[in-house]
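Alright, structures below, take your time with them.
Heads up, the next two complexes both have chain A, just with different partners, chain B and then chain C.
Then we have the complex of A and B:
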């Protein structure tokens, strides 16, 4: 059995997500300039940079504390709608995981709790052209792969692939939530920035966590 | 006489402060707690749920708080802020869907008169009524 998902594994996930957001910052902002207020890349980069800085200033002792700290930093520092959305995601994960290292099924439950938090906060539905369109299929794919007995790394890759497919499927959609919804039909033909950053979150999980749990 | 507090949540600090100035112009000497949570801490456009919860706490004297907000993340940050508050404070807070400027003007006036929280919230919600009546819409 591989290592469990302890605080250092989850910290590696958060750091990899922050690194990836910084790398894709301009791409995210360009997507957001097409259908939004052109701040998603800068906002997420500000928030995740602050989250990493907080990890270094006061290292959390356990998984729940780590994810709570990330969530609180995001609800405060991001500025845009992705602050309360990603912040609530991490806060709900924190509440589900608690202090003990997680196994793969506990991680999947926490991810779904995060998804439920995003739904409660944003009131979006599937197909509204939001981050939900990447996150919901990722949770479904992770649950299905684990139920089929797949190892954690393979299950995470399935979840990331589903998030990527969900992201790609936002292109033809008409936005029904957020600033893009003011554009109506003109929002079709553009990839959703929130679904794009959510796919990066799942890719980061593959990179950082595939060797963990079991 | 109740002392209901008000909180303005906006993406923009200048927008929030100007709305408060406009509302206070009605009653320059009135002692109504109106707190602002607006903008990012580097002076940009954005909202901060932790700042909103601090503003609610500052505006609360025990008789309740009515929160007015602009759009999008302001609404979600206000909802997130509620989760960060103690249960007894949270129960005294109303998040209002009233239009920010018109709602705030009405709310400040009735709050200054000692109205209770539900009365202040109701006044904010009817903020568009004078304009709608004038323009016959």
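Then we have the complex of A and C:
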């Protein structure tokens, strides 16, 4: 097992997530128009653009510092619910990863710490039609694939597939958290924008990291 | 979309420049997007800080001044401000008597104010108490939602708690006034049209000419149900009845009755609505102690209105009548 999830690998992940958010900005905003307040794409794009700009202005030295900087930038720039939630996600990952390059299991532990942070901050539960519905199954799939001895790339693909399935499964749900919950039954029939951006985060991990560890 | 803007990305910053130019009595921190009272911090006075997404003007920046808020944080349009802004606002109004955060109950606002309070506690030890407003009866099932939204009561709360702070009451008492106001107030809103977020460039939802949304919030999120357009007298009943059935308003010293425009409805229609609301209240045996009619908490250019009732006692009526001098609310001075 290689310890090759170093600062440049994780930076590639962050950059790929930022690129993907920019590409899907209008789609995220359109999903948010249906059940929220039509700003998820614009907010995430503003935050991730600022995160990439910060990486260029002051390149972090190690994995923990990198993800901490991304988290702090999102908390400072995004606002809304996405800022504290994605910010807390990256800050908790940073705290778990620390300064050393990660192996695949350390990455999985960090991802789960990020999930726990999102749960603590947002107080949502699976099935509430939030980003958790993509993130929680992704963590479970990653852990299961690694436990079964799958190589890191295959495990990440399993995690991304689980996130995508979780995202799709938000369509019939009635929202219980966030602004979509004000719609009651009318929120059913729409895909959750937060789960959609979280699925992009896992897709970005496949693109940027699957050749890196394991 | 036709709007009086330069670039959709600059709407908030440009509007704050306008506030600074129009109101030299305020001090505006453009970097942090915080509107301060010109004389903040006031030594020995409890500081009142609020904030939220932009697009609701005059709330909150227009309620900064003597007798109301000490500072207001402006987020992006319909997006909560970030903790950095709230920390700057809190530290900038801290006169040694503690700071009250007035937070509308939206997921983002609550989380960002929570993070800000944690940061302030870690950095300076300033005492911060947060009061969350959640007066919107359109959100019915609070167990399975993010809870009721903070709407019209927030305006009344900022006036009343601001008056309590101005007369020198300590933080615990100012917070008590705020909690009492939130507990005794209820609101319900409706929309005739959607609003158009500048960055989106088109209406957030489609609403046919002959339909309206009942139970809307203030962010262009659709309401709970869509019905055929009706005369104002029927709309007034659709708004007032759920408010009256949620809390006992009759008896006592009466209510402050607040008919609020959502941004795209002219004052003539708001007064027409107030007449209908007053008629429903009289029929229901509710005494009006004070009233407020106008667009004070808006949803950009949305046409429509909300009705807020707040049960008041002598003390709250006296706090209501106390002088206030802000861009959005001004009397007695």
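Basically, the second predicted complex is superposed on the first by the 211 of 214 C-alpha atoms of A that agree within 3 Å, B and C clash if a C-alpha of one lies under 4 Å from a C-alpha of the other, contacts with A are read in each partner's own complex, and residues count from 1 in each chain.
The definition used in the following text is that a residue touches a chain if its C-beta (ideal position, glycine included) is under 8 Å from a C-beta of that chain, and two chains touch if they have at least 3 such contacts.
Since we're looking at a predicted model, the values are computed, not measured.
Peer 1: Taking chain A as the common reference for superposition, should the pair chain B and chain C be classed as clashing or as fitting?
Peer 2: On the superposed model, which is not a single observed complex, chain B and chain C clash.
Peer 1: With the two complexes superposed on chain A, say which partner A:179 touches: chain B (first), chain C (second), both, or neither.
Peer 2: The answer is both, since A:179 touches chain B and chain C.
Peer 1: Which partner does A:25 reach: the first (chain B), the second (chain C), both, or neither?
Peer 2: neither
Peer 1: Thinking of the overlay built on chain A, is A:68 touched by chain B (first), by chain C (second), by both, or by neither?
Peer 2: A:68: touches no partner chain.
Peer 1: Using the superposition on chain A described above, determine whether A:121 touches chain B (first), chain C (second), both, or neither.
Peer 2: Both: A:121 reaches chain B and chain C.
Peer 1: Touching A:78 in the superposition: chain B (first), chain C (second), both, neither?
Peer 2: So A:78 meets both chain B and chain C here.
Peer 1: Using the touch definition from the top, say if A:38 reaches chain B (first), chain C (second), both or neither.
Peer 2: second
Peer 1: Would you sort A:157 into first (chain B), second (chain C), both or neither based on which partner it touches?
Peer 2: neither
Peer 1: On the superposed three-chain arrangement, identify whether chain B or chain C touches more chain A residues.
Peer 2: Looking at chain B versus chain C, the one contacting more residues of chain A is C.
Peer 1: Shared contact residues on chain A, chain B side and chain C side combined as an intersection?
Peer 2: Comparing the two interfaces on chain A, one with chain B and one with chain C, the shared residues are 39, 43, 46, 75-85, 121-122, 178-179.
Peer 1: Considering the complex alone, what residue numbers of chain A touch chain C?
Peer 2: Checking each residue of chain A against chain C gives 29, 33, 35-39, 42-43, 46, 75-85, 121-122, 174-184, 186.
Peer 1: Going by the contact rule set out above, which residues of chain B touch chain A in the complex?
Peer 2: Residues 11, 40-41, 44-51, 72-73, 76-77, 79-80, 83-84.
Peer 1: Using the touch rule from the top, collect the residues of chain C that touch chain A in their complex.
Peer 2: Those residues of chain C that touch chain A are 53, 75-84, 106-108, 111-112, 114-115, 138-141, 144-146, 149, 197, 199-200, 204-205, 217, 219-222, 224.
Peer 1: Enumerate the contact residues on chain A facing chain B in the complex.
Peer 2: These residues of chain A touch chain B: 39, 43, 46, 72, 75-85, 87-88, 91, 121-122, 178-179.
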